[in-house]
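Working notes, beginning with the structure itself.
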Amino acid sequence: MNKKRITGVALTLALLCAAPAMADEAMTVEDLQANLNVVWTSVAAFLVMFMQAGFAMVEAGLTRSKNTVNILMKNIMDFSIGSIGFFFIGFGLMFGQKAMGGWFGTTDFLLSGVAIGSEGWETQWDWTFLIFQTVFAATAATIVSGAMAERTKFVSYLIFSAVISVFIYPVFGAWAWGSLLHEDAGGWLEGMGFMDFAGSTVVHSVGAWIGLAGAIVLGARKGKYGPDGSPKAIPGHSMALAALGVFILWLGWFGFNPGSTTFGDGMIGYIAVTTNLSAAGGAVAAMFTSWAIFKKADMSMTFNGALAGLVSITAPCDVVSPIGALIIGLIGGALVVFSVTFIDRVLKVDDPVGAVSVHGVCGAWGTLAVGLFALEEGLFYGGGISQIGIQLVGVLVAFVWAFGAGLILFSILKATVGLRVSEDEELKGLDIGEHGMEAYTGFQIFVTQ
Amino acid sequence: MKLIIAYIQPEKLNAVKQALYERDVTKMSVTNALGCGQQGGFHESYRGVDIEVNLLKKVRIEIAVNDDYAKPTIDAIIAGAKTGKIGDGKIFVVDLADCIRIRTGEIGSAAIG
Amino acid sequence: MNKKRITGVALTLALLCAAPAMADEAMTVEDLQANLNVVWTSVAAFLVMFMQAGFAMVEAGLTRSKNTVNILMKNIMDFSIGSIGFFFIGFGLMFGQKAMGGWFGTTDFLLSGVAIGSEGWETQWDWTFLIFQTVFAATAATIVSGAMAERTKFVSYLIFSAVISVFIYPVFGAWAWGSLLHEDAGGWLEGMGFMDFAGSTVVHSVGAWIGLAGAIVLGARKGKYGPDGSPKAIPGHSMALAALGVFILWLGWFGFNPGSTTFGDGMIGYIAVTTNLSAAGGAVAAMFTSWAIFKKADMSMTFNGALAGLVSITAPCDVVSPIGALIIGLIGGALVVFSVTFIDRVLKVDDPVGAVSVHGVCGAWGTLAVGLFALEEGLFYGGGISQIGIQLVGVLVAFVWAFGAGLILFSILKATVGLRVSEDEELKGLDIGEHGMEAYTGFQIFVTQ
Amino acid sequence: MNKKRITGVALTLALLCAAPAMADEAMTVEDLQANLNVVWTSVAAFLVMFMQAGFAMVEAGLTRSKNTVNILMKNIMDFSIGSIGFFFIGFGLMFGQKAMGGWFGTTDFLLSGVAIGSEGWETQWDWTFLIFQTVFAATAATIVSGAMAERTKFVSYLIFSAVISVFIYPVFGAWAWGSLLHEDAGGWLEGMGFMDFAGSTVVHSVGAWIGLAGAIVLGARKGKYGPDGSPKAIPGHSMALAALGVFILWLGWFGFNPGSTTFGDGMIGYIAVTTNLSAAGGAVAAMFTSWAIFKKADMSMTFNGALAGLVSITAPCDVVSPIGALIIGLIGGALVVFSVTFIDRVLKVDDPVGAVSVHGVCGAWGTLAVGLFALEEGLFYGGGISQIGIQLVGVLVAFVWAFGAGLILFSILKATVGLRVSEDEELKGLDIGEHGMEAYTGFQIFVTQ
Amino acid sequence: MKLIIAYIQPEKLNAVKQALYERDVTKMSVTNALGCGQQGGFHESYRGVDIEVNLLKKVRIEIAVNDDYAKPTIDAIIAGAKTGKIGDGKIFVVDLADCIRIRTGEIGSAAIG
Amino acid sequence: MKLIIAYIQPEKLNAVKQALYERDVTKMSVTNALGCGQQGGFHESYRGVDIEVNLLKKVRIEIAVNDDYAKPTIDAIIAGAKTGKIGDGKIFVVDLADCIRIRTGEIGSAAIG
């Protein structure tokens, strides 16, 4: 039977006769709120899904044209493999009833407890929750590709991307967000009072610390550091794509943060305001900071700054004032410039798109900012220092877990399938080496590095 | 016959073409090139790292002419391209052993124009 | 009077006084559900409209830079002409009361029965339904441009694009979806029990079979086949645009499939899950299939695979399990690789972007998959073979109608205005020939074919 | 406390127990409508925000590759600075209680009257209203960058962009839309009966007239006019980006116009229909007009035409019939071609992307069209000529205010910090001059002007 | 030794390569160029303003050959590129003073092939 | 005077520039080119159809020098570009009949440096 037809008819009836057309028993206001929550959360999930396009464009734009096909393939594959893997394994690990005192879930794999097609199926919340969580998991995974761009073996990438989506991300997620589906399935971190509303740490830092581990194990791109260790610029091939990507991400974040209410009420608008102010602050601060330091208003820093503001406000977006949000964004934006420079020059870790700074460092900053700016718990509002202590624990645990798991994972891959492409392939470009094609046929491209 | 190769500033291409037309030189071939000469490069930077750019955008013109056209051609290029500032460019003249028009198979001076 | 002000005021009042501010008579829960349906269906329609950008980017990216302006013009014009034509003629043909036993509609042109500005106008469903159906019609039309890219005369394109939107698509639509507006206006195919929830056949196959007819009547692009008939590669000019397009389409599909409920309840999330799993499966399967056959993970096949998964799940998205959806997508993804190769090498039909394989072949597959995987009617779930028989009828009828009407239409155009540009124009590029301009001024582009 | 968890739980409860889980007192249907309005208005705001990406792509695509970084920077900065400035100052000026008989607001800066975190906070409308109005303000500001592209000093741009968002736009907004938040805070123009539903004049014309002033004060780009004053073509560098931008804007307009109801009911669908028909009409009319005049179907005109249709219908979208909307769009599309040519050849004002024609001229046309086509007030529907008189006043006032304020502002800047880059910088490109980098590293780009 | 420079229509490159291969000339260098010659330009327009395009896309081939190969090479280029229509292109021949293979340091005729 | 034309691997450009600077050759012009030589091409494929790519990316350097600079220049190019692997490239030397500096009108040797 064609549901579409039925609803069409039902609607027509409802409108024509003004009789309760939908239900055996009358629909209640609460049912409707539940339906509204579904609509809102679904739309938010779609916006977050679209962030994949944003990441793809940013990462492609900030790398060289000889590696464009490769980075695009990585982006579509991490989302595809992640969507499947999270459905089978990750979701249950993260949201199922917890084993061993809140360390990981053991139920709800494939949402198997939810009968399909049965009575009341059409008003189910769980599927909407699943798609929303799936796109979050994919976000964490996709962050890694940026930090490891232009030199990672494709087959290795597929493997570790799967591991991130089915294991590293959901396990940490279980600790911090385990109770989102079943109230009594909470993880140990949230049990302590750790606050990370939309995932500064859970999603962004986790992804970034894995990426950091990857960038370290891989080593820098050929030509990134001179013989004397001085960093060289390897400019990306399209600032237009990079900018487009950032705008798409900014849009997607309105799904990410306000969507994390998973509830259709005025908080959506409020969180949209804090999110937007922080992003704007990030862009402004990064621009002026880069201008002051480098004597030019640097574009890639400015756009990174907007992302920095967005990552920073992800954890505190629902508990801070708009002014607080703006300050958090401004600091995030300044921070990202220093962090990129520090990682590039001092740590000498080669992160082509600045993913570690944007998602890792600013993710940590945003998480800590909860302890400072939260209207109830924050230090600056008389909430004392206990919350910031808890936040610090969460930040550190995320680092240890994600960076540690990443190091182990990448070391194993390095020793087995190999993590890095050959020198010759890196020189010619991964597009030809891994995929046997070029991204911009016909265009005369002149790359001497 | 001579093959005249000139490197000029990109924005002077139209003026050079104009000057050549006035002297009845209407055939040429143009490519884009990067030039390194007396003209100072400039600094770019990317994500806070400096890049020394000393290959500057130039336009390369190649014109084959009969010997008696060599001088007017060179004059025309100078007329169109000269600003008096460093970076104006160079003209190189090479002897042309032969020239063939593919369409007709004509050779030598007849083929040039 | 300014509606905006009124609603603003009404809202303020509603919030301040908590009194029923909207209505002479009290609003009911059913009214609200109707409003929620409007919001959801409108948002879904906008997402589907955005698929136009996706198609434009995919088609531009997979063709040569000398034809970019032309393909972009075709994309905007089919949407524009289609929107107008469907409003005047197509909509009534499709959804009006049916003449002659369900063959086509004869009422509701311009939604003329719906009084504008009258009592209750603001709660009308019909306009939302119209915009939703308009963007669907435009999707069918736009598929054709891809299959016929790089050689079709622009003026001919405008003509046949209009014919598709006002006649070929809506007539078939009347047969399968005729009752969506008026319950008693059903077409003969749906009367038989044909199931195509969101249009694997109605939208995608119909568009693709017309495109197939067009590609055949046109003949291959110059240089596509060697003197011995061996296919040559004519690589597209921007994999970045192509990838962006696929991500946009993937997003748009969350309007296409879940939106086809036109109803705000939990089915949105469920269909989003099946849709996403199938898309992911399609990408993964296409990648591994291409890898196995061509020894390289082919990018354009992988991205085509995601679309293949999306097209495949479009018909069955509401009646299959998530696992079923994943399998449907995996098969669709593998299928598209074989189909592209088969059409290219064996049929020797030149379809630059793979539209026939993606939308036609996978559309047929998805429609048949209903008969196999539907939880109630599907063969694999004990539903017997009757449904698959009905689905087969629908698939065949779609082919006969769309391919046949296409053949006739293109043959007439060929004999009159001419269907194909001159050889010289094809060589120089349609951008210069048809539009007197280039797409990428300043860029050195080196095309030797 | 983690709101996310609570709502998740609440939902689960609501679904499992079907008990009123949300509230101390029972939620009413009106509460729900308010929640639905929040969801809809927020989604609409996000779509409008995404128009920033559209503007960025259109402006980048229609200018030269040597100025791409600069135009992208301008786009992100006007949105960022605008978001912050509008929050602090613009919003209150526009929507606060009016001083001096409706000239500007003096309250509600930072929405300071709205207690954060208090009882009922979560159902607040004001924040949603703020984010919606913020993205509108940013739209007005961003229009200016197109008209002044390829020669404006970056630091000047930052300054005047801020002035537009915090002063020029909100003051005019106060006159026309002042009552949207507080019913009794209406401005003098709306008091007269001026109708501009979604901002043909308030947003688009205001932005465009400022841009016109800027383009005049700046003067034309080097090489735009020959020694004899004849206009030269300076083709943009990427028609693909320009087209993508237009599609994004078209999508965004479904937030702009239907979103301006800020109310979730059937008007959304209705306005979507009128908006879409007008856009389609604009594209079609512009194409055929350009074809007739220039003998070629001009792409940039066609895409401008779609925008012209969208701008034209912005004021009248809620009060005209679909046929009326189509006609308005057709006229707008034809108008834009003549206007671009007129401004280019006769006025000799150099507007690289046609912003003045698209947003200014068509904005004025759309505003006047209310007086002609409005079903109640319109001349063609027996409404007499009084409304068109009022509309004309609004249009003229907008011109005088925006153009005048712009002239003053730009003249001051010219005399102080300087408005235009040096000749040498203009030649080399603003990307290198202002930002020390290039947009397309590696690509061989050959620009001789 | 001769350095042969040919400007041909872009779409003829494959045919020229084919013809060269048949005559055992397998080494060459190719760049893209814009040519201005007898072949008429065409009109483009942008936003209603005409643009006279008289720099047409060409391919530039450079082949260094020993003297006895010069004739066959020229013949091959003609064979591959000739259509008889204006715009077919030109071949220029320059004396080559020397040739060095970077890899081995070989010089002169030995280095050419 | 000589005109030295060198085709090298793109990634060697910086090394060659370095080597030239060390020998006081600071002026040159660079274009991108596609080379076909002894170096094997490779396979690409697109949508399952193979493409034989035998035009490989090269950089073309053009340097005009006085006769006594010819040898050091060639040596420098070899020093910077040589890896010993096929594909390293070639250097062609052509007699330069004349050279003019556009800016000053200087001609001959004086104009070269």
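All chains are identified by letter, namely A, B, C, D, E and F, in their written order; residue positions are counted from 1 within each chain.
FYI, a contact is a pair of C-beta atoms (placed from the backbone, for glycine too) under 8 Å apart; a residue touches a chain by one contact, two chains touch by 3 or more.
Since the model is a prediction, treat every value here as computed from it, not as a measurement.
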{"item": "Partner chains that chain B and chain D have in common", "value": "A, E"}
{"item": "Intersection of the contact lists for chain C and chain E", "value": "D, F"}
{"item": "Repeat of interface B-D, chosen from C-E, A-B or C-F - more than half of residue-number contact pairs shared", "value": "C-E"}
{"item": "Averaged-CA centre spacing for the pair chain C and chain A, given as whole angstrom", "value": "30"}
{"item": "CA centroid of chain D to CA centroid of chain E, Å", "value": "52"}
{"item": "Where chain A and chain F are represented by their mean Cα positions, the distance between them in whole Å", "value": "47"}
{"item": "Inter-centroid spacing, chain E versus chain B (mean Cα positions, whole Å)", "value": "18"}
{"item": "Per-residue overlap in chain B, given as positions that touch at least 2 other chains", "value": "31-32, 44-46, 94-95"}
{"item": "For chain A, residues that touch 2 or more chains besides their own", "value": "28-29, 31-32, 34, 36, 39, 43, 123-125, 129, 235-236, 238, 244, 294, 296, 298, 300, 436-438, 443-447"}
{"item": "Contact pairs between chains, per stated definition", "value": "A-B, A-C, A-D, A-F, B-D, B-E, B-F, C-D, C-E, C-F, D-E, E-F"}
{"item": "Chain F-facing residues of chain C, complex", "value": "231-236, 290, 293-294, 296, 298, 300-301, 337, 340-341, 344, 354"}
{"item": "Chain A-facing residues of chain C, complex", "value": "28-34, 36-37, 39-40, 43, 47, 64-65, 123-125, 129, 177, 179-183, 186, 190, 195, 197-198, 235-240, 243-244, 246-248, 250-251, 254-255, 258, 260-270, 272-273, 276-277, 279-281, 283-284, 287, 294-300, 302-303, 306, 318, 321-323, 326, 375-376, 440, 443-447"}
{"item": "Chain C to chain D touching residues, read off their complex", "value": "1-5, 7-12, 14-15, 18-22, 26-29, 31-32, 34-36, 38-39, 41-43, 45-46, 49-50, 52-53, 56-57, 60, 68-69, 72-73, 75-77, 79-81, 83-84, 87, 110-111, 116-117, 121-132, 134, 154, 238, 241, 244, 434-444"}
{"item": "Residues of chain A defined as touching chain F within the complex", "value": "427, 432, 436-438, 444-449"}
{"item": "Chain F residues within the chain B interface of the complex", "value": "3, 17, 26-31, 62, 64, 94-103, 105, 111"}
